[in-house]
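First chain A sits with chain B, and in the next complex the same chain sits with chain C.
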Partner chain A sequence: MTRSISLLLLGLLALSAALLLPLVSDSRFLTLFLTQLAVMVTFAMSYNVLLGQTGLLSFGHAVYFGGGVFAALYLITAIGGGALALPLEFVPLGGALAGLAMAAVLGLVSVRRAGTTFAMISLGMAELITAAAMVFPSVFGGEQGVSTDRMVDVTLTGLGYGRPSEIYLLVLVWALVSVALMVFLSRSPLGRMANAVRDNPQRVEFLGYDPYWIRFLQFCIAGTFAGLAGSLFALTFEIANAEVFGLRTSANVLIATYLGGITYVLGPVVGAFVVLLLELNLARITDAWLFYYGLLFLAIILFAPRGLTGILAGLPGALRRHGPASCLRRALVWGPAVLSGLVGGVMLVELSYHLSNSFDPSDPLRLFWRDVDATNWGVWALALGACALSAALVLRARRGGRRPQVVAAPMVEEGS
Partner chain B sequence: MMTASAPALSIRDLHKDFGAAQIIRGISLDVREGSFHAVIGPNGAGKSTFFNLISGRFAPTSGKILLGDTDISGMRPYRINRLGLSRSFQITNIFNEMSVFENIRCALMWPGRAGYCFWRRASGYRRIGAEAERLIDEIGLSARAGEKAGNLSYAEQRALEVGMTIAGDARVLLFDEPTAGMNHNEVEQFAGFLRKVAVGRTVMMVEHDMNVVFSLADRVSVLVYGQIIATGTPEEIRQDPAVREAYLGAEA
Partner chain C sequence: MDTFAFAVVNGLLYGMLLFMLASGLTLIFSLMGVLNFAHASFFMLGAYFAFQLSSVGNFWLGLVLAPLLVGLLGATVERYGLRVVHRHGHVAELLFTFGLAYLIEELVRLVWGRQPVPYRIPEALDFPLFSIGGIDYSAYRGFMFAIAVLVFLGLLALLKRTRVGLMVQAALSHPDVLWALGHNVPRLFMLVFGGGVALAGLAGVIGGNYLVTEPGMAHQMGTILFVIVVFGGLGSLLGAFLASILIGILQTLMVAFDGTLTDLVVGLGGAAPQATGPFHEIWTITPANLAPVLPYLLLVVLLIVRPRGLLGTRET
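On to the complex of A and B.
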C-alpha cells in the first residue's frame, strides 16, 4: 500500500514538473525535449505491449508508428484546408486508427508464430513497407517527405498550437491518456493471458485460450498506440519522410524499451527518457555518441537484463538485505574502479575519434573541460594509466571477495 | 456391456503414425462417467501419445474420439478444453514468470467467462479471484500464493500443475504421470489429494507407480506397443496372465 502511494506521489511530482518546467523556463530546447519525450514514451510503451507483455520481439514496430505519422500529416493538412471539420486535438485518434488498421491487416500473418518466426516476419514487413513507401513519392514525399502546417482554424480549446509550449500540452495530454490506457489494458484478462502466452503459449492452449488470438489482439493494441505516438510526432515536427518506417526507428524503440526494462510496466518510460537524453545531449558533446549508446545497451543486456528500472527497483532491497554500511563499503570499493575505467575508456575513444576524424589531428581536442593535443603521447599515457588503474582496482575488489563467494564456497568444502 | 452410465470419453479405433512409425495401433476404449481410469504400460508403449491425441496436441491419423456426444478428434486443444476436458503434463508446464495466484487465475479465466476481455480489470472478476484463492488453499500453496511459480520447489510445482488442471469445471481430467519425480512421502500425500479431486469427475491417468494406480483407479487399461491388451478392475488386471507376461512380469 505504502509503495503504491509513494509511486503515485512520484508520478504526480513528475507530472507537475512536466507541466511547470516549460512555463518556468522559456527554453525552447527543454520544451522540445519534453515533447519528444512524451512521444517516445508512448511509442516505447506500445512496443512493450509486444515485447514485455506478450513476448513478441518485433523489428518492425516503426511501420505502425509511420502509419500514424502519415495519417496525421494528411489529416492536419485536410483540416487546415477546410476539407475536414475535425478539431486538431483529435488528430491522434486518426493516427491510432491508422495504426490499428495496419496492425489488424499485417498482424493476421505476423502472429501465427512467436519467437524467431515472428521476429523475421516483422523484419520483412518493415523492409517491405519502407521499400513500398519509397516507390510512391506522390504519397510519402520521397526524400524531402511530406509536410504540413498545424496552425489550423479548427481547434477545441481555441489555442493556436503554433508555439512549442502549446503543442507540448496537447502531446502531453495524449501521451498520459495513452500510458494510463496501456497500464489499464495490461491488467485486463487479455493482458494477463498475454503474460501467460509469453511464458508458455502451449499451456495456454490447454486452458481454453487460442494463443493466436491473444497475440493478435495484443498486436492490434500495440499498433494502435504506435500509430497514436506517430501522430504526436507529426503534430510536433509537421514533417516526415518514408524513413520513419525504417529499421532505425524500430531499433531505437527496441533499445529504449530494453534499456528501461521490459519486465516493468513503466520501464519503457525510464528507457525513453535515457535514450532521448543521450540522443539530444550526448550528440552535442561528442561525435562518438552512438558508440557509447551501443556500449550502454550491451552493458545492460549483459549485466542488468531487467534494465535500468530493474537496477533502480533493486536498490532498496539490496540496502535492506546487506545493510547500509556494507553497501557503502561496496560502493567505495567498486566506485573508483568503475569511475577510473570510464574516464580512461572515454579518453581513449575520444582521442581515437579525434585522430581519425579531424582534418588536422594536432587541433586541440576538448576533453573533460580541457583542451588537449591528441598527437601528444602524454595524454594517451594518462588514458592508458586510468584504464590500468581501473583494472588493478577491479582485481583488488574481486580478491577482497564479495563477488566470487558463490563459486568459492563449494570449492572450499571439496578441499577440506 | 456397461449399462450403468454412458461413457464420458469414447475412443474408437484410434491410430497415430509418425512417418513410417505406427505409435498408436487401433485403440478402442470407453471411459465411464465418474470412473477413475488408469492407463499403464511399459516405456514407449504410446501412453503419452495417447493422451496427446485425446487432448488435441496431435491430430489422429484415423479413428474417432468422442467426448460425451461430441467428436473431438483433430480439434485444437483450446476447443477441446472448452468442451470440458482438461489435462496435466508429465513435465511441469506452468507460467514461470508469474505468481502462483496468477497461474491459477489464468486457468480460471476461460471457465470464469473472462474471455478475451480487455475493457475490464482482471481483479474485477471477484468470483474468479475468490475461486483462485480457494483452489490455492486446496493444493496447499496459500503461503506461496505471491511467489513466482518458477521459484517453487519441484513438489510445489507439481501441485500447481494439477491445480491448474482441475481449475474450472472440466468434467474429464487427464493426468499424465502426476507423481513423477516425487519421493515416497510426497507420493502418498499426493495420491490422497488426487482421490479428493476425482470425486464427481471422470479421471484418466497415466502412472508408473503401481501403488498409486491400484489404490486410486477403479478401472485399469494396459497399453503395450500402441494397443490395449486388457481393460478391467485392478484385481482383474493383476490376475490377467497376458498382462503379467507383457508388463508386470518380474514385479508381480
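On to the complex of A and C.
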C-alpha cells in the first residue's frame, strides 16, 4: 500500500515537473506542445463525459467548442477595447457559459434518444451550425476568421500574457481545474447514474429516474467544458474561423478520445497526448499522415476497443497470466510479421502518394532515410515483397500460435 | 414557368439519385441495425472506379464493372470488419463505419489526388434530348432517370417477388426465427450489405460525371443522406423515398430562385433595412445561399415536431 502511494507521489512529482518545464526552458516547441495538449485534454475529457460516461456518440461536439472559441474571441476584444472590466484570467468562464447555453438549447432536442438517432442528430446539428456560420461572415469572419489580441491591460495577476509561457500557465491552470472537476463529476451520483443510463436505460426508468434528464445534464456538462476548452484555444491562438464548428474538429476529438480509451477516466488524456504527438511529428514527415491516423483508429476499434490505455493497463495482467516466456515467444512470432507489414504498407502508401500527388513523380522521394525513385519498378517490388512476407508470416503465426478461438457471437439482436 | 418546370425535373432526378443511396442505407440499417457512415464513401468509390475504367475502356465498362467491384469490396468489409466489431455493440459498429469513411477519403486522395478528376459524360449520350423555352435537357439526364427508375422498380420486384426478398423481409422482423429455420442469416447480411453498397456505387457511376468527382463528394453527399434517412424515419423505405424526392426538389428549387428579405420588405412598401451590424447578412441572403442549410433545418424542425421521422414506426 505504502509502495503504491509513494509510486503515485513520484509520478505526480514527475508530471508536475514536466508540466512546469516551459516556465524555465526557452523551447517554443515544448511550450506550444504543452499548451495545445492542455486544450486538447480538456476538450477530449469533455467529450468523454458524453461517449464514455453516458454512452452518447456525438459527431457534433465541435459546436460547443466553437461556441467557446468565438465567445472568448469577442470577450478578449471587448476587454482590450475597454468595453468590459473583466480580468483576462476569467475569459474561460465566458467560454464555458457560451458552451453551456448552446448545449442547454440544442440538448433539449438532441438527447431524446441515445444510440444511432442521437449520433445522427448531433451530426445534423453540427452541419446546421457550420453551414449557418458560413452564411454570417459579419459574426464569424468568413474565410479569414475573427482575430483578437490577448495582450490587454486588465489582468488579475499582473502578467502581460504576451509570452507563450505566461499564456501556458493560464491555460494549464484552467485545464487542471477542469480535469479535476470532470473527474469529480464522474464519481458523483450524477456520474454514476449516467453510467447506469449508458448500460441500461430501461432499468434506470424503473428505478424512478428519467434517463432524458440525466442525458441532458451530462450533455450540458460536456458542452460547458467543451466551451471552456474552446476559450483556452482562443487564448492560445487568438484567431479562428467558422471551420472550428465542422466535422473535422468533431472527428478529431472523437478519434483522440477513442484512441485513448473511453472506459478509463484518464483515457482521453492518453489519447490527446498520442494524437497531438502524431499530428505534430507525423505531419512533418509525411503528407499521408491522415491516412495512417485513420488506419490506427480502425485498428483500435477492431482489435483493442478499450483503447491504448486498455492495452497498457492489460499488459501486466497478461504477463502474469501467461508468464514472460510465453509472452516473449508470441512477441517473437508476431513482431516480424507486423514489422514487415508496416514497412511494406508504409512504402506502398508513400510511393503511391508521391506518384499521384507530387509535382513531378520522377523526383526523388525520401523513404526510410534513402532517396528512391517512385517511377522505378524495383521499389514497388520491394514494397510488395515486404507485404507478401508479412502475410506469409501472419499465416504461419496463426497456424502455429495457440490463438483463442473467437466464439461466434449471435449475429442477431433485438432492435434497440 | 419554364425555369420552375426544369427545376422540378432536375430536383426529381437529384432526388432519385439520393434514393439510390438512401434505399441501400435504409435496408442495411433495418436489417443489421448499423447506420453505415461510409455509405457515401462507397458512392464516391463508384465514381472513381468508373472514371478509372472509362479511361482504360469506356463508360459502359465502368457502368457494369464499377458497381460490382464496389459491392465486392462492401461484402468484404462486412465479412472481415463489421462482423468482427459487432460483438462490441452498435456504437462500435457506427464508429467502425465512421473510421472507414475517413480512411476511404484519405485513400482516394492518395490514389487519385486532391483535385477533381475529369470524369466525363459519355459522348454517345452527350446531346440534347429535348428543349423547352430555349433550355436543353441533356440525354444523359434522361439516361440517369431511366437507370434510377429501373433500380427503383428492380428493388421493389426483388423485395416483393423473389425468394431472397422474402428472406430479407423475414429477417427484418424476425431474424432469429429465420436463423432457427436453417437459413444463413450472416450470409444474408453480407449480401444485403454488398448489394446496398453496390447500389451506392452505381449511383456514383452515373452521378459522378453529373456532379463533380472529387474527394469531398462523400462528405457532401453523406451528410445529406443521413438527413434523408432520419427525416424519412429510420428504417422506412417509403419514408426514405419521400424524403429523397422532397429534399432533392427543395434544394434544386432554392438554387433556382433568388430574392432577399430586403426585396420582400421593399416590396411590401417598407424602407430598405440597413446592411450593417452583426447578422446583417440576414437581409441579403438569397435562397441559393440557404440551400446548404435547409436540409438540416428541416431535420431539426421535424425532430422537434415528430421525433420518429416522417414514416418511422419506432423511435430507435
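In the analysis below, the second predicted complex is superposed on the first by the 383 of 416 C-alpha atoms of A that agree within 3 Å, B and C clash if a C-alpha of one lies under 4 Å from a C-alpha of the other, contacts with A are read in each partner's own complex, and residues count from 1 in each chain.
By our rule, a contact is a pair of C-beta atoms (placed from the backbone, for glycine too) under 8 Å apart; a residue touches a chain by one contact, two chains touch by 3 or more.
As the structure is a prediction and not an experimental result, all values here were calculated from the model.
Per the definitions stated earlier, placing chain B and chain C onto a shared chain A by superposition produces no clash, and the two fit side by side. Contacts of A:Leu217 after superposition on the shared chain: chain B is touched, whereas chain C is not. Contact with chain B, but none with chain C, is seen for A:Ala196 once the two complexes are overlaid on the shared chain.
Applying the stated contact rule after C-alpha superposition, one finds that A:Ala325 touches neither chain B nor chain C. Applying the stated contact rule after C-alpha superposition, one finds that A:Phe184 touches chain B and leaves chain C untouched. Once the two complexes are overlaid on the shared chain, A:Ala85 sits clear of chain B and of chain C alike.
One geometric descriptor of the composite model is the angle centred on chain A: between the Cα centres of chain B and chain C it reads 80 degrees, in steps of 10.
Between chain B and chain C, C touches the greater number of residues of chain A. Contacts of A:Leu290 after superposition: chain C is touched, whereas chain B is not reached. Minimum Cα separation between chain B and chain C in the superposed model: 12 Å. No residue of chain A is contacted both by chain B in one complex and by chain C in the other. Those residues of chain A whose C-beta lies close enough to touch chain C in the complex are 51, 55, 57, 59, 109, 112-113, 115-117, 119-121, 123-125, 127-128, 131-132, 134-139, 247, 251, 254-255, 258, 288, 290-291, 294-295, 297-298, 301-302, 305, 349, 352-353, 356-357, 409-413, 415-416.
Interface residues of chain A facing chain B in the complex, by the touch rule stated above, are 184-185, 187-193, 195-196, 198-200, 202-210, 213-214, 217, 221, 263.
Looking at the complex, you find that chain C touches chain A at residues 29, 33, 35, 81, 83-88, 90-92, 94-96, 98-100, 102-103, 106-107, 109-114, 175-176, 179, 185-186, 189, 219, 223, 226-227, 229-230, 234, 277-282, 285, 289-290, 292-293, 296-297, 299-300, 303-304, 307, 314-316. Every residue of chain B that touches chain A in the complex is listed here, in rising order: 55-56, 76-78, 81-82, 86-87, 89, 93-98, 102, 105-107, 109-111, 114-123, 125, 164, 168.
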